[in-house]
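In what follows, structures are represented as structure tokens.
Each of the next two complexes has chain A plus one more chain, namely chain B in the first and chain C in the second.
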Partner chain A sequence: MKGRHMNLLSYALNCIYRYKVRTVVILVCLVTSAAVFSSVAFLKDGLVKEGELSLKYAPDITVQQIWAGRPTLIETSYVGYIQEMAGTISVIPRIWGYANVGNILLVIMGIDIDNMFFDPKETFPMEEGSFLSPETPNSVVLGKAVADILGVRVGNTLTILTESVTPIQYQVVGIFNSEANIYNADMILMNIDDARLFFEIPENLATDIAVYVWDPQLVNNVARDIGELQNLRVVTKDIILKAQETTYGARSGFFSVLWYIVLISVAITAFNQTVVVGHESKFEVGLLKALGFSTSDIIEIRLMESAILGVIAGSFGITFGIIYDRVFNAPIFRDFMLGWVTLYPNFTLPIHISASTIFLIYVITILPLLFATVIPSWINATVDPDIAMRGARA
Partner chain B sequence: MKEKIVPLTLLFSIVFNLIACVQSEMSWTNKENSPQPLRQVVGLPNIAVGNLNPAARSPGLEVLCISFYDVPGGYCHYFAPGAPYSVLPRSKNLTRSGGE
Partner chain C sequence: MIEAVSLTKIYNQQKPNQVLAVTDANLSAPNGAITVLVGPSGCGKTTLMSMIGLLLTPTKGKVIIDEEVVTSYSDNWKAIFRRKNMGFVFQHINLFPHLKALENVMIPLLCHDMDPAKFKDQALSLLERLGLAERALFNVEQLSGGQQQRVAVARALITEPKIIIADEPLTFIDQESAKAIIDFFNELRSEGKTILISTHSYNLAKLADRIYSMKDGAIVGETEKEGARLFNIYIK
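For the complex of A and B:
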């Protein structure tokens, strides 16, 4: 029994070699669509995973002030109110923002060195130099990729224009190299007072307020209490995560729609090719049936052909997708997934190649092909051998 | 020999995919388990979503949102593509009187 199936498999492989045009047409279409899908899927999974990692360390609640429906700087007087609420451990006003340095958009983050959870000198992933210290004002620590883009090294002086076009000089004291590539590529850290000065934010205001809560189960209660205060927008970690997943899901969804269209075209092409080849192979089918092959044997051969083509296309598609993302850093797709990335510096994209995504790609590459070929194969296989051979000769 | 090229290439491709998958899973597991002081100190989510800066938005459908960004009818601040930022119930900001 096993030998019979092996013989049918061997015959199916021969058919793949014999009907070269059909094989090449189906493979080219299917490999292309699988490569596009896998590239976008790996990229989306990587970005979501990267976001999840960052959010693991994000504050439980971020509080922003709303003015006329728009986020604005928040009054630091809220810190006292929130600190008194049951369940909060720590309430920290933050200063951060964006700045165009050269022609790239960078994140400038103010660090409150006296109010940190750990000793940065020991644990910070410094590539070169040292971390910020309260004794050295007007100093900055840059991400490695930022330093490369700006062409600065430790000891250099960096002059950045503020929004009011005032040049401020900073001494580069260190360059960090984090696991989070995006931080390396777009972040400048400075003392919180320097950041306040850079963004011209008065003492009684902050960009937002980070709230840390004792127990994760209390987050919603605390958030609800904060929401009762006037003119505040309360963003919990879960909401950001949900927004992030939805955003990348929607963005990759656009590509998925295009991909489905391509896949349907491939299925139609496969159907068409099987019908054409089925006509050409009528004599062959008649001969096989005359030699004792049953209808189910012939259908099995055709299904094996489709499954083999599907596996080849899926495998090559995934390989090309990985190479496209890893080696070429996913041009075109990265623009779509990340946003207006021309404003961003270059950085290595986070890619997540999960077993479940690979399995999914194989499933959606093989199944449509099987469905597209089973009907023509069945029609082809149920013809009487005598009629088939006569029809084919005629 | 000629007939073996396709099976060999396929085998190479499958092995390559498997190695890439295992390597990717391992590196993400390492990342998850290693201390990440920078993420702790920054506390910001991933850039393209975590901010409301219009420059970080995506082309495609969101371009419409960009073009309306700061005019009446834009409402982009409330639009974090597809997901509302504030899902917590906001109470007592509307009262109604009169009628049925």
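For the complex of A and C:
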């Protein structure tokens, strides 16, 4: 049986070559749509993955103070109270906020190096220099994008204006190495005391409180207990993750809709070619049947044709999608997916290429084409060969 | 032996444009013999040939080949039966225009479980017997109508079928090609092939071991060996 299938495959390849116009039209449309979908899907997967990575060492629960319905500084006296709740292993006040440096809005994050729940040197690998140490005040570690935009390297001095427009100089001691990490790319990391000084936040206040729980299954219980305290907002890691997935999912969904429209157009074109203007195709089916090809042979030929075109289009589409994301940094889609392009024009987007996404692209690239070409051929192949040939000739 | 029993074909049955193409046709074509169908254009020869060749489902009646009622089987079974047992030559030639002569000859092999390349010599040999050895690698569009029909004859024989069905094979071709095909059919008969031909050609009808004449969709005459005379009478 293998020989017959190989023969049918060679005939299918011949058909692809023979119907050049149809082949080119279908390939151009399919490659374009697959490239758009691939680019957005890889980008979305990359952003979600990046979000997951950034949350790996994020607190299980973040507690914010709410005043008049808005977040405000939280009293550090909550730390001791939360620490006594069952299930918590670490409760740390954090100082962070935004600052304009050279007309660019950056995140300044202060961390309590002495009381970190995890080893920051492992969590934030460095491209250059070293991590912060308690012995070196007024030192900072920069995100890769910040260092590139400001044109500073390890050893340089960075001057930043505080809330009261007082210039403070910081020594750059390190630069994060993860170019694509959107969550530390725009970050300036410093000791918590330096951050407190920078934002002029009193000792008894913090931006928020990070809570770590020893058993993930207890997170909701602890969160519920904290939520019972008045004027506190409790955000769990899961909620942040779901919010990220929803945001990127919705944005990529928009492109998916566009992609489907293009794909349906391809299917209609293929169907039209096979049925409406497909007299040649109809005659061919009749003649092949007269020469001994069965209906299943005809369908197998069309299946092979569509599968080959789909695989070629899918492969080129995926390749172009990767090139578009990797080499050109996804112009247009990048604006849409991130929403803060003006901040980092040179920011390298994180993309994630997974087997499941590639499989999905192939499946939904090939399937519409299969239906559009196989069904008309099946209809032609089920009529008597004489009728098919006469009908096509008429 | 091919037997057609009460074959009837009605197109567009029970519609205003209903056409009774063939009525109650009975025919038998002995193995190893040439059976010829003659009759004016539109009398139903092609329809009857198509029904016998399992290319068209009869409205009524049956086709029996070697005591097997082949019309009662499924579409798929009929395709496999045609693949193994029948070769067709069509009035309109029906070659694939984008292929070379040799490739056209080898097309029927593609639905067989075999490597067509192994039959290349056989295909070339057939083309040689039909006087087309030097045209084997020509695109069919570069061949004359007669040469194309000779390619079609070679195609019908590449799978070595025991039955050849030729529907007005000489209609659109020149005298030289017609002679080549007539001689070839004669050779095929001596090789034991069962041949069924519809034709207007006196020279082709002369070969017949048995002749059926048709008129208005019905078989109106039958004769053996004396076919040439009957055909003479008919064309007069």
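Note that the second predicted complex is superposed on the first by the 330 of 394 C-alpha atoms of A that agree within 3 Å, B and C clash if a C-alpha of one lies under 4 Å from a C-alpha of the other, contacts with A are read in each partner's own complex, and residues count from 1 in each chain.
Everything that follows uses one rule, which is that a contact is a pair of C-beta atoms (placed from the backbone, for glycine too) under 8 Å apart; a residue touches a chain by one contact, two chains touch by 3 or more.
In this text, all values refer to a predicted model and were calculated from it rather than measured experimentally.
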Check the residue A:385 against both partner chains and state whether it touches chain B (first), chain C (second), both, or neither. second
Of chain B and chain C, which one contacts the greater number of residues in chain A? B
Considering only touches as defined above, state whether A:239 meets chain B (first), chain C (second), both or neither. first
When the two structures are overlaid on chain A, which partner does A:107 contact: first (chain B), second (chain C), both, or neither? first
Considering only touches as defined above, state whether A:287 meets chain B (first), chain C (second), both or neither. second
Listed in rising order, the residues of chain A that touch chain B in the complex are 17, 47, 49-51, 53-59, 69-71, 94, 96, 98, 105, 107, 109, 111, 116-118, 120, 123-125, 176, 178-180, 182-183, 186-187, 189, 210, 220, 223-224, 227-228, 233-236, 239-244, 246-251, 254, 311-312, 315-316, 318-319, 322, 326, 335-340, 343-344, 351-355, 358
Give every residue of chain B touching chain A within the complex, in rising order. 3, 6, 9-10, 13-14, 16-17, 20-21, 24-25, 28, 31-32, 34-53, 55-61, 77-78, 80-83, 85-91
So in the complex, which bits of chain C are touching chain A? 47, 50, 53, 55-57, 75-76, 79-80, 82-84, 86, 88, 90, 92, 94, 96, 98, 107-116, 155, 159
Chain A residues touching chain C - in the complex, by the definition given at the top: 1-4, 7-8, 10-11, 18, 284, 287-297, 382, 384-387, 389, 393
